[in-house]
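The next part holds the structures, each set out as structure tokens.
The same chain A turns up in both complexes below, where it pairs with chain B and then with chain C.
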Partner chain A sequence: MNRFGRRLAVGYVLLALVFAVVGPWLAPYDPERPTADVLLAPSLDHPMGTDASGLDVLSVTVAAFRTDLLIAVCAVGISLLVGIVLGVLAGYSFGGSRVFRTVGVTVDRLLDIVQSIPVVILGLALVATFGRGVPSVVAAVAFVNVPVFARLLRASVKSVERSGMVQACRSIGLSERTTLRRHVLPNSLDSTLANGSIAVGTAILLTAALSFLGAGVRPPTPEWGALISNGANYVSTGQWWISVFPGLVLSVTVVTFAVAGEVIRAAVARSRGKAAAEDPTFEAIVQDEMRMP
Partner chain B sequence: MSSPRLQIDELVIGAGEGDRSSTPVRGASLAIGAGEILGLVGESGSGKTLTGLACLGLFQPGVRPVSGTVTVDGQAISALPERERRKLRGPSVAMVFQDPLSSFHPGLTIGSQIVHSLLDRGVSRADAKKRCLEVLGEVGLPRPDAQAKRYPHQLSGGMRQRAMIALALANRPRVLIADEPTTALDPTVQAGILRLLRRLADDGLAILFISHNLGVVAGLCDRVAVMYQGQIVESGPTAELIGAPRDAYTKTLLAAAPTLPEPGELGIEAVPVDAPRVAAVVDVDAETALFDLRGVSRHFTTRSRGRRSTVHALDGIDLTIRRNTSVGVVGESGSGKSTLARLLGALDHPSTGQVSFDGQDIATLSKEQMRSFRRRVQFVFQDATSSLDPRYTIRDTLAEALSTHGVREPGEQSRRIAALLDQVRLPQQLLGRHPRELSGGQRQRVAIARALAPRPEVLIADEPVSALDVSIQAQVMEVFRDLAENDGLTLVMVSHDLALIRDVCDTLVTLYNGTIMENAEADTYYDQPRHPYSAALLDAMPNPRHIGRLPEVLALGEPADPTAPPSGCRFHPRCTQAQDLCASTVPLLRPEPGRELACHFPLQVAAPARKAEL
Partner chain C sequence: MITTVLRRLAIVPLQALGIVTIVFFLSRLMPGDPAYALAGSQATDEQVAAIRAELGLDQPIWTQYGEFLANAVRGDFGTSTQTGNTVTADLMQRAPSTFALILISLVVITVLTVLLLGWFLARPRGVARRAIGGYGFLAGAVPDFWIGLALISLLYAKLGLGAAPSGQLDARMFVPDVTGVAIVDAMLSGDGAAISDALAHLLLPVLTLTIVYTAAVVRVMQVVSTQTLQSDFMRFADSWGIRSWRRVAYVLHHGAPTMITALASTVVFLLGGAVLVETVFSWGGLGQYGVAAVTQSDYAAVQGFVIVAGVFTAVVYALGDVLHTVFDPKLRD
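Showing the complex of A and B:
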């Protein structure tokens, strides 16, 4: 991915976030009120055509930014919080405490179990249990993402704990809690947080997938997966536009969130100064040292 | 000298782009003839490794040749296209790296990798197999046919490095580039590799030996070139250059290199073994004893492929550390040095036995007493970089250590921080910097300053300078010596470098395979090592004063496996003095004048009695 591509991706993500806020007002037609103009092909009046109930596809697609992004961002936010807590429990030794060791192993196994169930099936089951609607989709998407973040954090907590820093904290007499709060967590969060943006992409995909399968938000809430599912019946009879346009927007959104996540991760890694030797001041420092008594 | 095997003329190497570009090598020239070893000495960042790689026409990413020529065996490799260069690598010039584990393919056997390197050159499979066994034997691997079938991780460090050399030699190169080939090895193992390189050179190979260790270079190399900031500042025959250095930098480097005294040089009066005097090291009353270890063992259980095994990191340690002394803990890697340090610092618990501090068992300390212990006993780790929080400035790091122990008032804190920096000789301007903006030596000083923050009585340092350059090692050791001598600190220093800690330590505890071999006053120890293992350690230490004299190989083979400690005296399988008794009976730690000793047949004279053949 070259520099232009990366900028384009970040630009698109920002645009998507703007759409999520103002999308419904930008829509030329009401995205939720059916009209008599059913199954019109793309034209100047309806650039993406209309669907079987006469909804303007462009309007629904633009308005759906809010639904899909809201669900995805909320779900990722919740799973980040829960994942961080579980990741710490699973990863940190708390100074070799037996209780926390048991807790850690238990959390580990539970995450294993959750991860062993296919994501979409788990999501379907959750929505089936709690009923359709935005909150249950958020809960379902959040639930399947928790193990991802918990695993990431667990791994980085473990590697930070293995580094000398935690030993040093113990040897100067810091309590385990203080060590965890001040040193272990801040140094472990980087990769987990950067992964948040990537996860938003996959969360959008899962949201749409659930809707496509009929387990998503209630109609007529504008949503990409639901729209694609509606249009799927008409593709074979030639009305391709109902599924294709929202499908394109969905794909582009998922990919760009993943790319933006990579960009964020790279930026964070750079700012941490992974390679001190590249620091322009480094040579000067070495010379400082040579001159010292 | 006939035409040189390797010749470098005015080599300039550039790195980076735009405003970040630099010139790590600026006009280096050198030449090596057949049968000659040239030592290329300098500290990290001086351009040694880049020069070595350039001899094979190799450049790391972001690094490019700017000008100059490299001629290998009469062919200008620097002028050839990559395809042609590749043909020279192997038959003309080959390289041995510092870390053989990361240089070998982990999933192929040693033998198949050597065979592959030959097949690539058009050798038939049968010949390649024959040559493989031949070259493995040549580098001193016992039973080459068995070794060829093993994977890199199954070999010990020293054996692996020999295998790496075999791989390099397979195509009978005319020039060998050896980049710090022994730096990661124990001195006792290093000695054997150095002898191997010397023998190869005597058979006609031209070797460029890259090293930061002047002691090694003095013993091994015919000529030395000193590199500083990308330039060769001085070069000449080893004896001349080390005996009478002209360049200021060479002089600094030599002055910083630690040296060991010759046996008997200190003139310690030899005391008959049966003298009625009781040794000072064991004559300890409760007043002076700060740490007291009784029957301390530390075992770790490991599992590999479902099989449990017990690592005997420490076994039955009895040791007393007196107030206001500095104790060195020495031994090879895996001898239990670091485990001992961690037990003393209460960073780990003994499996059996007890560790007492100031008359009280550490295991029974209450929470309140433990806090006081943490204040009184501080730790300095080997890797300063990983022991400092990268997000904290130096000021934050020191302030945290102070406030943990009750110094919270800002004015008082700043005053203490300033004083701490002075104590470790760091300029005050560094306070606002992050660890990544400091050099390795500065980071270790910050770590020392942090340890000193709560005004401890004991400082435990685990290999505190082994990751640093020689000239910087000397500066940091100076700080430790100052603390031990002038500030009345009790110092426990773990080190594998006997020369380095010589000026700092009063007594030396020698560990092997988790047990104490000898515990002696430093002068006595250096002057008359009586345990064969101590003598082996001392003799394996490279010494810049030993020009053209390689360290002796007094300890046979490699350190014993800590999961299966040998019977009787743990050192007996490697000991040149061992007799039947040693294999059957564990020698007890007996007091002698100036030392405690666990050996059935201690050396009677300072000089080694017998030399092992390679």
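Showing the complex of A and C:
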């Protein structure tokens, strides 16, 4: 990705955040009130056409920025907090305390099991458990993301603890709590926080998938996955615009959040004087996603 | 090596236990009383109490957990409220078509990965490097269900390729149900029209899964191959002036264990993808059953589905690790 592409991506992310705030007011038509203009192909009046109940696809797509980003950002925020706590428990030795060792191993195993269930299936099960509605989608998406953050943090906490820094802290008699709070955490949060932006993208994907399956946000609330599902029955008879346009916007949003995450990661690495890796996601995939031994 | 393999396989039952445990305690987090939900709003207190006793909800939680575990070990997940059959029977009936979809996609993904790698290795600095990188990046961001719909609108609605997203076989076709997989049943019946119809119905779902899930495997293999190309033994081989096709063969051989692990992960991703793709194409497999169970609050079916998916995942990862051990000469002793 060249410099121009990265700037474009960051610009789009900012625009998406603005849309999340003012999107529903920018929509040219009411995104929740059906009209008589049913299944119109894209035209100047309706650039993305209309759906089977007469809603303007462009208006729903623009209004949906708020729903999708709100769910994704809240979910990632929650999972970041929980993930940091679990990551520290799983990764830090607390000076070789036996109790914390047992806790750490247990957390590790639990994360393993939770992560072994395919994301969509786990999300579905959680929505079934919590009941339908936006809060339970947030809870499900947050739950699914916790292991990702916990593992990232666990890995960096471990590497920081192995470094001389922690030994130095111990040798001057700092308590484990102070060492953790003042030295270990600040030095290991980088990659976890940078991953937050990427996680917002994948959280949007999961939100849309759950809504597409009818287990997430439900109409009339404007949401991309629900809108794609709304158009799914018309695709094979040639009315492609209801599903295709929101899917394009969704994909572009996910891609740009991922690029923005890389930009943040590189910026943080530069400011700390480390050489920014050429493409850190490669390594992340090999190690995390593919569960390489 | 045998000890390593056995030790790895011994973990599987423990993981299965963990999955069953998590599913049980999640189901107890459910807001509201399932007895009230089942009895309906008109029920008297006695009726609710009867249902509660029938479900064992009046027992202490550890008794309930023991009961749940014992039933799960026996393969008994209760009765589905949407079909009226036992959940196990429902799952058994639908599993073959999902596994067939996963298996066929896996074969296509493997072939495509080797072809793309060959392209990349022929000229490691050429267009292929950037093309694969870009493809891998985009494929991770595009939802699989949307790719499925886009393919239907482009290939089926516009070009007439494939078949309507209405299951595994046209409703007017009939083949005796032997295996539960339309393509296999069609082949067994020897009916040419049915075979080509089943193939047409396979085209778009398999293409969807292939487009989305080849990317991760190719990216991992590209990274591994790049490292291999820079290794001392490849430089040594190059200094001997080996032919280019042998270079490719060496690199592929060296990457084989990694590819096995990557493909094991892919099978798990495919199971998740199948949930969405089955819904798009009305495939009638496990995934669609699980989705219907969730939307219709059929809790027994949801639990059974999640447990089967989790255990399947644990088994696939274990097999992947075992094959990795077998194929990696460094781990053989």
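Here, the second predicted complex is superposed on the first by the 274 of 293 C-alpha atoms of A that agree within 3 Å, B and C clash if a C-alpha of one lies under 4 Å from a C-alpha of the other, contacts with A are read in each partner's own complex, and residues count from 1 in each chain.
Operating definition for what follows: a contact is a pair of C-beta atoms (placed from the backbone, for glycine too) under 8 Å apart; a residue touches a chain by one contact, two chains touch by 3 or more.
Because the structure is a prediction, the values reported are computed rather than measured.
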item	value
Touched partner set for A:155, first chain B, second chain C, both or neither	neither
Partner chain(s) touched by A:82 [first = chain B, second = chain C, both, neither]	neither
First (chain B), second (chain C), both or neither touched by A:8	neither
Partner chain in contact with A:183 - chain B first, chain C second, else both or neither	first
Which of chain B and chain C A:134 touches, first, second, both or neither	neither
Of chain B and chain C, the chain that contacts the larger number of chain A residues	C
Partner chain(s) touched by A:254 [first = chain B, second = chain C, both, neither]	second
Set intersection of chain A contacts, chain C complex versus chain B complex	279, 282-283, 285-286, 289-290, 292-293
Of chain A, residues touching chain B in the complex	163-165, 167-168, 170-174, 182-183, 186-187, 272-273, 276-283, 285-286, 288-290, 292-293
Chain A partner contacts - residues on chain C that touch it in the complex	15, 18-19, 22-23, 26-27, 29-32, 133, 137-138, 140-143, 145-146, 149-150, 152-154, 156-158, 164-165, 216, 219-220, 223-224, 258, 261-262, 265, 268-269, 271-273, 275-276, 279-280, 290-291, 293-295, 297, 299, 302, 305-306, 309-310, 313-314, 317, 321, 324
Chain A - residues contacting chain C, complex	109-110, 112-114, 116-122, 124-131, 201, 205, 208-209, 212-215, 225, 228, 231-232, 235-238, 240, 243-244, 247, 250-251, 254-255, 258, 279, 282-283, 285-286, 289-293
Residue numbers on chain B that touch chain A, as the complex places them	16, 19-20, 22, 45, 345, 347, 371, 374-375, 378-379, 381-383, 386-391, 400-401, 404-405, 425, 427, 434, 436-439, 441-442, 447, 450-451, 453-454, 471-472, 475
